[in-house]
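Remarks on the structure that follows.
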């Protein structure tokens, strides 16, 4: 049976909750970072056949889900401005620090962008007696503007 | 003369270009990270009197600008979804990786958010033979939801 | 059977109407404030296993609903500007008194925000011969901006 | 000279900064709560002639400003969803707790609304060893729906 | 069976068409104005148990519909600006005459609003040889702004 | 000098405030209802030369304003959904009672609309011991849909 | 069975395709212009009982569809700005020629509008060796603004 | 002096009012239809040097305006959905009759569009004892979709 | 059975994945460019009966799908600004290079547009040692504005 | 004097019109493609000091304009969906052919995007007896998604 990308996301998330599978475990199973594994489950990245088979094996879901996980998705989310508070804080960072980051990146690199495609994310927990801290690291290739 | 926050931003940016002052230099002069200094210039952070005086001294702008730099600003930018390509990539990261980051942060920390207020940013250039990379690090306190 | 957060909300609200269960009673059953209990039912807060089991017991709904009530939700509502008159009045308060509250909070606390996460709400009925009054109290931690 | 409401706001805010006048002091001068005084300065409430004259006397601004402060304003702000983080938190509270507050208010009062017109706001600083807290209290008349 | 507010609206409208029941008749049956009866059917007002039982009796629909008609609804419509021509004309009146009505109401009553909650509507057909006219009368309590 | 419609509005409103001229007085001077006079001042209706000359005479403003008052304006306001509370209540009435009014008008008149062009408004103060009431009366020609 | 307006539209369009019935034929069958017949099928105009019975007879669809075709619809479409290229061209005409048409109509008729209710449309194919042309004719009653 | 397109529009409209020049007269002077002449004045069409010189001669405005009238404009208007009632009726026609016109044009011509570029508009006054009528005729080349 | 355009798209895409049919192969089968074939599958272009029969034969889907593929679609997509990164880059090109392309096309061709109807697209892979390149070629008829 | 990017654009465009300088000539003068030169003038690309000096020399504008042309701009345009017909056609192409281009590019290249930064545009006039054609060629590096 043909499984859509949305159905695959729902099926995987339900299976993870029922089977007590974490994204850390899923990432390890498919040989990828937990954030990338979560992105693939949420329909934002494309698994190889091998990765998809390992995922459905771990999650004990139907093999047809594996076909969906290998399909190149239409990426992005429905809302331009998220309302979930955790997601909104990332939006707020762009609102408040976007111009500053643009100024500093141009000062360090010249005219161009940080790629969001040749790009990776890492998340760490930093223990702190005043309260643990979330450390998110973006690492993207600098792409200078081509002149023609 | 009363200087608005918008005028202060324009005046400082013009003075930086004319005087060849970088955000790195401005940050050093006020004793802050270049990104924070850029945020203050762009009207997103509040300088102390001491920081503001050092800034106007370096930039050789009118002392009235210092009053503006100490005024608590109305933060944020005009556009919900930025169109500048560098800024848009940060928006696209939220669109594509937002759900994944939410899933992984909740998995690591439970229900709560990464603060965008008790928060700092760092930007580094990572040399790479295939093309230099931009590394952006967010560091924010984890705030668990209060139950009542 | 896997129950989504939306289904859990609908099931609980229907059970409350059918069983004549108030949010006051639900809050008492789970050991929380009625507003927090209502927020959890509406998919805006996360119950512990213990709280969720007490809730489904009181409401006499399926145990699978308890799993949904423990799942960290994607919070927020569909409409940026609510149209329901009761909800709109809270929006109108922000429109009319937002700038005043910002000015006064900054005057009392400096640059920073009132947290909406380390935060609680209380609602009381104030008897008044000219017509009862609604008293809503917000209590949130002040978070000063971190400098870096 | 005719002074617009927008000019009156800007003139008063500049005079308060230059003259080191707080909203607490302004409220005391006009015999009102600091939040109401701030609302009047921000163009959201209407002063009487007496209040307006006391305000311009304290702020040492032109008498024409007093006429503007007595003019019934077109209230509200430009943005439906604020981007300033302090203002946004009040919006987020509505997003997350709006449905819960609606449920609980209806449970306590029946069908109707909390008035945003026959309404007042108070803000207090609550000292707390883990960090001071902001307490905001809304007090509005309950208006039941009229049947006809 | 639990009937949602949307299902109750659809069921009642279908029953009215099939049974040739007008809003005039429905209003008479429940002891209310036809406009209020129509508002209740459209999910914008709350019936008492007595009114709801009379309504379902007249419409010959299931008793579970009566429970829905007594539930306090989330009011309002999906579209901010209606596209149906009859509805749009009311919007256009606000666009064209809103500022004039605001000016004249403030001139007659001072700063405050016409309540939309302590409020009623009447509609009459005014015979006119050049073409009948629709007369719509709004009657709402004037609420002056509370000072504090 | 050529006076724009926006300038004419601002000039007239300032002159009314300075000269203590009410819309009631202006309406009487030009031989029209105060609401129509206010609409003309706000750039929503077109005066004849005679009406315009009487208006500028009463307001003691420049004759060039009279030319502007005779120019057919581009009508309507900038915001689709008003934020001023008085204006918003009229919008809320449409949101809550729009469908009911549509149903009842169609029941009384068949398919068609109430004209917003062959249309007039009246506003009255209704004394009431529980608080004065605002009565707004719309009177528009019913236009049936033409079949072809 | 109760048939909604949306179901009636879908049913009729499918029947027209299957039965090779054109809007020209449908218009002829119901005694109306093909554009009006198409508007009725698309839920934008109301048929009489006689017209509806002729339509369902021609289309060989269920009689319940006839009830839907006689129901006064909520008119208009979901998108403010259409994206279908044929529909968009009509929007573009308004964008580019709207101000010109407003100027010329006011010059010819004075202040008022062309009714969209007492209104009809005709479409003709104009043969042209350089490519056939579409001729669309709007014919609406001029409604002058009522003064009051 | 360089005159922008917006300044040229304002200058021409003021000159037409002052000099009592109609679009009919302007069209005749430049050898074009009044609607086209109005479109050119409103910044939606491009005059030749000859047309522009005739226009500025008739309007007795500065020769620099002629350069602006020959500049290819950025066409269209600021608002997607117009609020002026005359302009809105054209929008409403698209909302209500758009789908019908699309259906009938495809039935008559196949898949393609009516060009809004190889296109012209005419407006006539049709005398009618029940009230004059506005007749607007669009005439655009049919462009079939190219297959490739 | 009547198959909607949306169902036809979903059925064809599923069949292509299951049957390992590429758009290159589909284009060849129907005698069209792969981009045109993809547009037809995505509901943006209309197949002839012959093309549609060849398509369903290759894809081994139901013949009723062929009827859908011959139906003239309502074209366009739901989102004005796409969020999928590949699609967004095309939007970004318009944002950044739109004004430049408009300037250069007008310089080369005069006032008019590149048709999006008498139009075709080609896509090629350009091998490059520094990374393959995507070459997209648009070819549309220039349409000069008609004067009237 | 400090010249903003917007002033530089306006100054250059006016100088080009006055001095009869084409983008072809400007491109040649600065050693770039006319489209790139136009993008730089429109504030979408960054000139080197050498390019900027050549540009101001050709255009005979103030040297301060050269500083503006070397400043890295905030790119993009004000409107998400353009209304100018030439610009809109590019938007319409994305609406109609976007999904097809995404499908075909993924089929040819796998998951990734065509860069809009390492990217160039060319525009040619293709003579055609049935009407000249505009040929626009995009050439951007394919960027595959990085896995991590």
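Labels for the chains are A, B, C, D, E, F, G, H, I and J, by order of writing; each one numbers its residues from 1.
Note that a residue touches a chain if its C-beta (ideal position, glycine included) is under 8 Å from a C-beta of that chain, and two chains touch if they have at least 3 such contacts.
It should be emphasised that the depicted structure is a prediction, and the values quoted were computed from it without experimental measurement.
Shared contact partners of subunit G and subunit J are H, I. Across the two interfaces under comparison, G-H and B-J, the one joined by more C-beta contacts turns out to be G-H.
We define each chain's centre as the mean of its Cα atoms; on that basis subunit C and subunit J are separated by 50 Å. Centre-to-centre spacing of subunit D and subunit E amounts to 32 Å, using the average Cα coordinate of each chain. The distance from the centre of subunit B to the centre of subunit D, with each centre set as the mean of the Cα atoms, comes to 29 Å. Listed for subunit E are residues 35-36, 74-77, 80-85, 87-88, 92, 95-96, 102, 106, 112-113, 115-117, 119, 121, 143, each touching two or more other chains. The set of touching chain pairs reads A-B, A-C, A-D, A-I, A-J, B-C, B-D, B-I, B-J, C-D, C-E, C-F, D-E, D-F, E-F, E-G, E-H, F-G, F-H, G-H, G-I, G-J, H-I, H-J, I-J, using the touch definition from the header. By the touch criterion stated above, subunit G contacts subunit F in their complex at residues 32-33, 35-36, 45-46, 72, 74, 102, 106, 110-113, 115, 117-121, 143-148.
Subunit B contributes residues 14, 17-18, 81-85, 87-88 to its touches with subunit J in the complex. If you check the complex, the residues on subunit F that touch subunit C are 81, 83, 85, 88, 92, 95-96.
Subunit B meets subunit A in the complex at residues 22-24, 34-36, 38-39, 41-42, 44, 75-77, 80-82, 84-87, 89-109, 112-116, 119, 121, 123, 125-126, 128, 130-143. Interface of subunit F with subunit H (complex): residues 2, 67, 71, 74-77, 80, 116-117.
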